[in-house]
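Input: structures, listed below.
You will see two complexes here that share chain A, one where it goes with chain B and one where it goes with chain C.
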Partner chain A sequence: MLKKYSGHPYILWSMIFIVFPLILVIYYSLVKVSSETGRLMFSIEGYKTFMQPLYLKVFIKSVLLALEATALCLVIGYPIAYIIANMKPELQKFMALLLILPMWMNFLLRTYAWISILGKNGIINRFLGVIGLPALDLMFNDKAVLIGMVYNFLPFMVLPIYTVLSKIDKSVIEAAQDLGANSRIVMRKVVVPLSIPGIISGITMVFMPAVSTFVIPSLLGGGRSVLIGNLVEQQFLVVGNWNFGSAISVVLMIFILMSMRIMKRYDVEEEGEMNLW
Partner chain B sequence: MVTSVQSSLWKFLQRFYTVLIFFFLYAPIIVLIVYSFNDSRLSVGWSGFTLDWYVKLFEDRQIIRSFYYTISIAVLSSTIATIIGTFAAIGIHHMKSFRKQLILSINNLPLLNPDIVTGVSLMALFVFFKAELGFITMLIAHITFNIPYVILSVLPKLRQMPKDMLEAAMDLGATPWYALRKVIIPEISPGIITGALIAFTMSIDDFVISFFTTGNGVSNLSITIYSMARRGINPKINALSTILFVSVLSLMLIINKRQSKESKKSI
Partner chain C sequence: MKKMLLMLLMGLMLVTATACGEKQVVLNVYNWGDYIDETILDDFEAEYGIKVNYEMFASNEDMYVKIKQGGTKYDVAFPSDYMIEKMIKEDMLESFDAASLENYPYIGEKFKGLSYDPDNQYSVPYLWGTVGMVYNKDMVDEADMKSWDVLFNEKYKGQILMYDSQRDALAVAFKTLGYSLNSTDPKELEAAKQLLINQKDLVLAYVTDNVKGIMLSEEAAIGVDYSGDAFMILLEGGLDKFGYVVPEEGSNMWFDAMVIPKGAEHVEEAKLFIDYMSRPDVALKNVEYVQYSTPNVEAVKNLSDELKSIPYAYPSDEELDNCEVFVDPGTFVEEYNKAWVEIKAN
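Then we have the complex of A and B:
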């Protein structure tokens, strides 16, 4: 009895609060209040609007910026994951803790703090002023948004790579060295290929929140940097055009699920359970 | 000789890089903490040491209320999600392959979907049913995105459990409830605790989903900070975050010390 029914409350819950809301968003993306009769009618206007160059550009910009952030996180994060994985075991635990600790400070607040570092009268520009260099325009542009993304999502890249690296059997590396591989070849032919599952989950864990964020651009981009997430937020909360807002959400959802699907193909270590997405 | 110089240079580079990265990660936090002691409303420049913000913090009703909402939503949602999620995991564990795949895929949706899509879809649901946005809707939203974390932390523990343990207990005369309490729960409790902790953390730090599913003046700390950001963040918020950060830090250090002491004892 326990086996049979203990899953039922959640099946009901997930139908009402996960499946149905998504169906509702798809529904809203396809209907519109008719201006003549005041009733709901079928319309793909939301998707049509999205295809306008203005909005397509926002979408492409979001994807490119998220890709840039993901690449930067990988390039910056891989070495640090490697360094931590080669430390003494007690130190490893402590360093992993240090990586997670910042997440316990409110994420909006940490992002906001960058304004007082990068801003016009911020710490960097004051320092530049002291040593007699001209001030830089670091704040409220795409660069600031990029820094904010890398800052916020770097731990998501480092942690999975570190986990995989720390589990690599040291004797595999020794075997490669005994067989005459120098350190560069060991890195390229042994360590990196073995860490691919970590890299894959790192990439998905950074790219996904980066492409859909609206907080980072609205705090650090200062209105000059509108991304796809801002567009959704505006349509739902400011403009009130649910048809268009839902259409963007649906496109965003399909895009993410598809890119996850593609990423999964490169993941050599499949778990036993299959997934529909 | 050359190799030893090279390896020590290599070591130095590694240390330098580590320090640099952690400086990058901690710089904003240091800035926040420093400004919580700054005798000026604006977060530019240093105008002297003060503890004023820590005193004024407790007089600010808006901040105290949003702190209260954050904590109560986190406690309630992680508790309810842990209960529903643990039962769900037991049920899913015993399902046949197709149903299992289907429900696990649905379970993964809130994890894979961007937060903003989850937030918007829940808001659409609440508006569709004409539910008044506020504490309850935000709580439901938090439970919904927390359950998947609980399920995903409990399932591996169930898989590690010997297959026929439940049957064995029941053959020996245990009622299903008794078997659950005395056999299954103790066996999977590490997974339950991990799941509950992840759920609690996710709930405390959530902004996007709460932002779309709340209303009626009910706002958690993140929402309060977001609405303050346009006018400039009040140092009182810095003070509150410093208190929270230091308490979590000391809690973690205590747990860490205890664990290392225990592991030394066992050696």
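Then we have the complex of A and C:
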């Protein structure tokens, strides 16, 4: 009996804090204050505006940049996860902690720190100056944004992959070795396929915040380019066009849902019944 | 378990007991971040026995949305000129006959009857200033600094900071072209947009709050900035190293004023607070901390020499000749935004 009802508070919680706000966003994306009567009326103007080449360009740029960040996170994160997963158990815990440690600091602070590393008179350029090399333009461009994203979201890639890797049964690997597989084949045919669920949740967890971030492009990109997150922020905080702002958010949500869907199918094909999360 | 319940009950009793015991009025004040000497709030509490609950916002729009949404009970807020105009239009402000306040006569004549509140019914000016260029004297030719044109000069490529806000950036472009910064003419907007698109290659970054950090670390030579923020750079980096100028084409002249939002619970106490802030000694103490410009003429008289020596802190009338105050653009703000996205996406 108790078991039957124990889920209810949770359901109520998600109704209030997840479902209801979602409905609100969709609602606002479909209504607009009429300039004549001052009343709310149905309008798909927000979606129409978004279809203009100007905004589509912003959208595509954001997606491409987020994809680059995700790919970089995977390339850097997978070896890290693999190395940690193969350490002694006590050391593993310590390394995982080290990885999470910077996340205890405020996100803004961590991003600001990069300004003093990459800046014209920053640490890197000062070092280059000392050894007699010309200074580099590292700050206020898309590369700086990319660095900021990879730095901030890397733990989201490493942790799920590490979790999956550390749970792989060692006997599976031994079996492969017994059957004559060298380490490269073990990696390709056993370890990587078994870690796909971790890779997929890693990709999702990096891609989602990367595609919608607006703080990193303003701070490290010097506001030189506008990404989809900035667009939403401006519509709500500057322009006050909630209709358009919500419409952008809904399009972004649908896009993310669709890409998750596609990845999940890929996951199922490779792994049978393995789940995304 | 029983023990815990008991403790919870006792805690609850304690809370209700104190709530009944004190009848002290709590005044809810809503101001910009880091925009007041907070010890003044303690002084006010000590003098009038009114507790101040102080909250902060980051932009006019933040504040507007929060008050508009309702559910808040702010007694005093500090919006800027065009936002006050908009809030009056939308009937969001309490009319309280500002001129009747005891310390109102200390406010300079040129800060009264301004376009956003022509009859001084809704607001008392708090601080004011301009938008101009802060520059590093070692990195620029000071002769170039008289005009906004310097921001479009190849010579300073990669050393220019623009203000990352559509209204402020477009205002610079409008003024450079000799238009009004409140222009709602699509052709003028198009020209301003084109100017800023062409300028993009020269700009190091579009920033707001970190103009100070970037200028002080000498990463940039020139930055478009709000006067008070620029003054902090001048005082911290040294007046011999940094300068501030309001270009002769004119610029944005702005005012932040104290208002009482409709629905405030403590209107009388709010008036008392506004009056207190306008008292010459309090205004002086405040401006020595915040370093913007005060409209309080009595306070200006007693200003420290250091603050007086800052260029354009208290500009003459002719220096402000071509300056304008922002006007609420209504729905044309969407056109500004579109132009801004085009500039950024280019």
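As a convention for this text, the second predicted complex is superposed on the first by the 249 of 277 C-alpha atoms of A that agree within 3 Å, B and C clash if a C-alpha of one lies under 4 Å from a C-alpha of the other, contacts with A are read in each partner's own complex, and residues count from 1 in each chain.
What we mean here is this: a contact is a pair of C-beta atoms (placed from the backbone, for glycine too) under 8 Å apart; a residue touches a chain by one contact, two chains touch by 3 or more.
Since this is a predicted model, take the numbers as computed values, not measurements.
Touch criterion met: A:Tyr55 reaches chain C, while chain B stays clear of it. Residue contacts after overlaying the shared chain place A:Val239 against chain C, while chain B stays out of touching range.
After superposition on the shared chain, chain A has more residues touched by B, the comparison being chain B against chain C. When both complexes are overlaid on chain A, the residue A:Leu179 reaches neither chain B nor chain C. In the superposition on chain A, A:Gly119 makes contact with both chain B and chain C. By the touch criterion defined above, A:Ile262 reaches neither chain B nor chain C.
In the superposition on chain A, contact of A:Arg224 is made with chain C only, not with chain B. Shared-chain residue A:Ile131: touches no atom of chain B or chain C. When the two complexes are superposed on chain A, the residues of chain A that touch both chain B and chain C are 115-116, 119, 121, 219, 236-237.
The touching residues of chain C, counted against chain A in their complex, run 59, 61-62, 64-65, 158, 164-166, 200, 203-207, 210, 213-214, 217-219, 331, 333-334, 337-338, 340-342, 344-345. The touching residues of chain A, counted against chain B in their complex, run 1-11, 13-14, 16-22, 24-25, 28, 76, 79-80, 83-84, 90, 93-95, 97-99, 101-117, 119, 121-123, 126, 151, 154-155, 208-209, 211-212, 214-215, 219, 229, 232-233, 236-237, 242, 245-246, 249, 252-253, 256-257, 260, 273-277. Contacts from chain A toward chain C in the complex involve residues 35, 54-55, 57-58, 61, 115-116, 119-121, 137, 139-140, 218-219, 222-226, 230-231, 234-241. By the touch criterion given at the top, residues 14, 17-18, 21-22, 24-29, 31-32, 35, 43-45, 84-85, 87-88, 90-92, 94-95, 100-110, 112-117, 120-125, 128, 140-141, 143-144, 147, 151, 166, 176-177, 179-180, 201, 205, 207-208, 212, 221-222, 225-226, 229, 233, 237-238, 241, 244-245, 248-249, 252, 256, 260 of chain B touch chain A in their complex.
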